[in-house]
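Structure first, commentary second.
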Amino acid sequence: MYDKLIRNIKVGVIGCGYWGPKLARNFNAIPGADLHIVSDLRKDRLDHIAGLYPGVRVTRDYRELLDSGVEAVAIATPVSTHFEMAKAALDRGKHILVEKPLTDDSAQAQELVDLAQDKGRVLMAGHTFEYNPAVDFLRDFIAGGKLGQVYYINATRVNLGIFQQDINVVWDLAPHDISILLYILGMEPTNVSARGSAYVQPGIHDVAYLTLRFPGGIMADVRVSWLDPCKIRRITVVGSLKMIVYDDVEPVEKIKIYDKGVDMPPYSDTLEEFRLSYRYGDITTPAIDSAEPLSLECRHFLDCIRYDRTPRSDGAAGLRVVRILEHAQQSLLNGGEGEAISW
Amino acid sequence: MYDKLIRNIKVGVIGCGYWGPKLARNFNAIPGADLHIVSDLRKDRLDHIAGLYPGVRVTRDYRELLDSGVEAVAIATPVSTHFEMAKAALDRGKHILVEKPLTDDSAQAQELVDLAQDKGRVLMAGHTFEYNPAVDFLRDFIAGGKLGQVYYINATRVNLGIFQQDINVVWDLAPHDISILLYILGMEPTNVSARGSAYVQPGIHDVAYLTLRFPGGIMADVRVSWLDPCKIRRITVVGSLKMIVYDDVEPVEKIKIYDKGVDMPPYSDTLEEFRLSYRYGDITTPAIDSAEPLSLECRHFLDCIRYDRTPRSDGAAGLRVVRILEHAQQSLLNGGEGEAISW
Amino acid sequence: MYDKLIRNIKVGVIGCGYWGPKLARNFNAIPGADLHIVSDLRKDRLDHIAGLYPGVRVTRDYRELLDSGVEAVAIATPVSTHFEMAKAALDRGKHILVEKPLTDDSAQAQELVDLAQDKGRVLMAGHTFEYNPAVDFLRDFIAGGKLGQVYYINATRVNLGIFQQDINVVWDLAPHDISILLYILGMEPTNVSARGSAYVQPGIHDVAYLTLRFPGGIMADVRVSWLDPCKIRRITVVGSLKMIVYDDVEPVEKIKIYDKGVDMPPYSDTLEEFRLSYRYGDITTPAIDSAEPLSLECRHFLDCIRYDRTPRSDGAAGLRVVRILEHAQQSLLNGGEGEAISW
Amino acid sequence: MYDKLIRNIKVGVIGCGYWGPKLARNFNAIPGADLHIVSDLRKDRLDHIAGLYPGVRVTRDYRELLDSGVEAVAIATPVSTHFEMAKAALDRGKHILVEKPLTDDSAQAQELVDLAQDKGRVLMAGHTFEYNPAVDFLRDFIAGGKLGQVYYINATRVNLGIFQQDINVVWDLAPHDISILLYILGMEPTNVSARGSAYVQPGIHDVAYLTLRFPGGIMADVRVSWLDPCKIRRITVVGSLKMIVYDDVEPVEKIKIYDKGVDMPPYSDTLEEFRLSYRYGDITTPAIDSAEPLSLECRHFLDCIRYDRTPRSDGAAGLRVVRILEHAQQSLLNGGEGEAISW
């Protein structure tokens, strides 16, 4: 009944590659959203969409989409086109959700942030994991002090494919981990370094390692690869009181909290006396809401439009991720030297 | 019957911490070896050994062990004492097996190599994994060309504890992975960098990441930590034809060979045409001999003494690992800058 | 292009509980099918469907669906209603796909088989697993003799919920395993027994074990439960040459072929000499097509209509499963006594 | 220091097959025990033992062992010889630990119980799992009411080999599960049935399923097999409040407690209203003591001798298991018919 009372929002989706159809499916299914039109350059992709949603318009020209009367637009095209399309959409007064990374250039990301501000429109970055209930759990656990002092974080995001042609693996996969890190730690890194190699496509790194240094001595390591036999999506957060593993590939036990740690003895006069005290306690797997993160993200986008709110992953969040990616890219080209970042 | 004919070798073990008792157990059980004497500074450790092996002598003075008539000595003491003890043993004409890393200083490692050469005695580094049947399989698979061109290797060796007091986690855990890398690739790295942090004991890194660059563009990344909730011992080797995962924690499926890969199309005129071709084939888990690596290592040591052979992991191999560790340590202190290594 | 040439088939789906929406989604997405109308007694379920497929008619009266001009009907209602609805649909000349089990009574199943025969219409039982590529692999492997002589099969299908109110766990879950067994073995059991208990709903067994005896000494054991903390969908097939595990919960390694076995020595004069010879060989995980089984099933149904073919899981297959279920039910009530089945 | 004060007990071990060497290792290592003599019919097994424990006597005649001045005897020979050896040992006034099953005949087991009583000697059955900390946890959890009402238990104990020649798989493997069931439930079954087949050795079942019915409607199912590609040692206990899985193959997470369940609504006027309420809560993995169960068992045996106590797994417990096995064997031969057991 409640759903009947909320205002319906007409939505257009630009891009029908990997994410576009998922966005279309969600906007079609969410009450209060009206999937109105979808665009892509490829006719076969549009035919596919038309087959699934007979009432939805399709077009090869995204400007036609922008002029079709939609109020909100989701952009899921190759990164290099984000800026142009996002700018055009904001110029026409649309609220926009842009897939990650927001742009491939921080100056352009800043321009979008400013433009959205001027136009009074919602600009949201598609940082899906910030809408993942498991990541929310992590954030609350850390913020509530249950982990103790955060020591370090290790993130791995690897599998075979999908290779991108306009960006390397750092720009493709690391945005997820960087947005998660910023979200759960509530702070920005002061230094980033990256190392990697390009094996399949010359000049396009397909394997990379990032090291981010945060205030308070927190270190975070991110491994990303398009060239690994196994799909691994795993984040380990080690604190002084507890340790947590978040494994996104696990169907049920996504989060495991380990009551494990090690303490220094208060004093030790001699080396013989020296003993670290280990704690090997219970492991707890909290029940995590199994809602689809992308659905929660799309609902959040619609709510921000409806009630004039700032999205959790707003343009500024998107810009922060792009700035870190730029520094990582710089380090990658400099042989892994650390790049300081000022905020 | 054959066992009756081989010459019995009297063995002494110095050090009864973590590895010493394992060496003692093996030398006690292997036909053709005679566990004669064990030394340690701690009386309770010696009592423990005496309880297990009533016929074996124990002493708190390792020089007494050296003078007890043993022909071979295994040294499993803290790293900082390796050089002194190894030197004393070689000086007294003993064949020696020294736990990894060989020493904490490459000049001293070189001195041991030279001394063993002068004395005509076996100097073996305890690189256990070079005697692991799964690692042998990896080496043969790569050498036989079945993996194609090696692209990169990712190694992870983490768990909670055991913290060392005289060396950091790089010196403690990375020797395993470095010796494996050198053994399976059959070459040395030209550059190494390392990043890490010290959380529990000030100044002693307990978390670290190494990146090694080998000839031919091969990159190897090693993650080591004493501060992780899970025990992970996993090496991924990615080649142009196949990919392999070696998981030492798996009781049965230690090696998995993935017939997976990605190929560039021979040509592509337009971006639209561009298509990488992915291969998702069968996975094969070869049957691996389940013999205990340490037992194989001890038998190899005895055979080298008996038949005057050079050990697989000889002093030179031990020295190579120490040199790489020194460069990694240098990088760790330099903020992760890459260190070139000349061979 | 090819898809354009095939005849479009108008489909109706009766029932929007657990399976109905999955059938609707597939018939909406498959080229050559036209999801025309959906019925359910519950208005909220119809609203949900209407929200997802704005162009599809909905009705609370399944007879309206039958009179709506559809050519094919999928029935996914509670089992007790299958017969009435299937009969009504066949009477009106519809081709029908009926969810498993076909009916709750073998006489009625026989009547449907006869009626479909008379009317010249397709009657297909929704034995989804017969369209599962992993099950196909199993069947081919056995049929090709690669497993050797089949010894026994163990099947486990358990998790928490979903409790049914009109049938017990044997009728709810075991049809999957029984249809798989008949399909991969290509024969019928000669005897079935069952044991179980009813814990949550008085009189409705929620835990049960079935034992099926097939010709040639093959034994198959099936464990089904609505009351287990873990979701397990696992079938082990042991043969004289190889052993296979099919784990449907595994995202990637669904099938594992173990080159394991045990052989009797040709002769042994004394007990001392007696030695069974074990074979512990490689494990192979074949690449299995990841197509959705329900999609393949729906396409098969449409093809059978279009080209006048007999479905793989035809009415006779559905009847066989119902007859085995009836005997299992009889045994369940008789304290587990074996029930002979004549074919 | 404490260890110095306890009385040393001289122990002999009869049988050096699979379990004997494990017993020898433990009695050699435990303070307060003195592994004095070992016997076996096979000279090569004795040579092996003599190599490991140079100070220990070996003999091919178990009567020599009995006359060697030992106070306690552990019997780890084929089941068919247990009675003769156990009787001879008790007759000579020895305390005895007999591997499971106690005997292959309940009348003989009863005779041993009576004889031990007459002689005032310890008679202990080697039900190792009753000394397993994970099983203790299970027992305490159930006894403490945390699981609620126990509904049913599923136990699986399968792998490839080791085939026995004098007993079938029920007598070989099921004693473990039966002793666990009796221990954690604290009651005896009133009915047992069994089904199985003999594939490799004619007449010796290598695959079997047991169903045990306990008071209060508790059902327990046990699957045992020597002919399975995977090693599975898993027990699921389902209660009205919680569910527990005990997986003995897991190196760390041996016990998982699932806060899962299903409740009937207090009332429901119509079928439409009917809704079972599911509970999907946290999963907890308690830290379990990693002590070796066999070491705890051997220490318990010595303590019972030293302090004149009745063992946890005394002769009566061994007899109960033998009686259940006899009824299971009867059912196995009767085509799976349930056998009532009176206590």
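Worth a mention:
Each chain carries a letter (A, B, C and D) given by its place in the written order, and its residues are counted from 1.
What we mean here is this: contacts are C-beta pairs under 8 Å (C-beta built on N, C-alpha and C of every residue); 3 or more make two chains touch, one makes a residue touch a chain.
The model shown is predicted, which means the values in this text are computed figures rather than measured ones.
Two chain pairs, C-D and B-D, are weighed by contacting C-beta pairs, with C-D ahead. Chain centres were defined as the mean of their Cα atoms; on that basis the chain farthest from chain B turns out to be C. Between the CA-based centres of chain B and chain D the separation comes to 40 Å, rounded to the whole angstrom. Rounded to whole angstrom units, the spacing between the C-alpha centres of chain B and chain C is 52.
Among the residues of chain C, those touching two or more other chains are numbered 280. Note for the complex: chain B touches chain C at residues 253, 259, 280-287.
Within the complex, the chain D residues that touch chain C are 151-152, 154, 160-161, 163, 165, 193, 195-197, 199-201, 207, 209, 211, 217, 219, 221, 223, 225-230, 236, 238, 240, 243-245, 256, 258, 260-264, 271, 274, 276, 278, 280, 335-338.
Of all the residues in chain A, the ones that touch chain C in their complex are 28-29, 31, 51-52, 54-55, 231, 249, 251-252.
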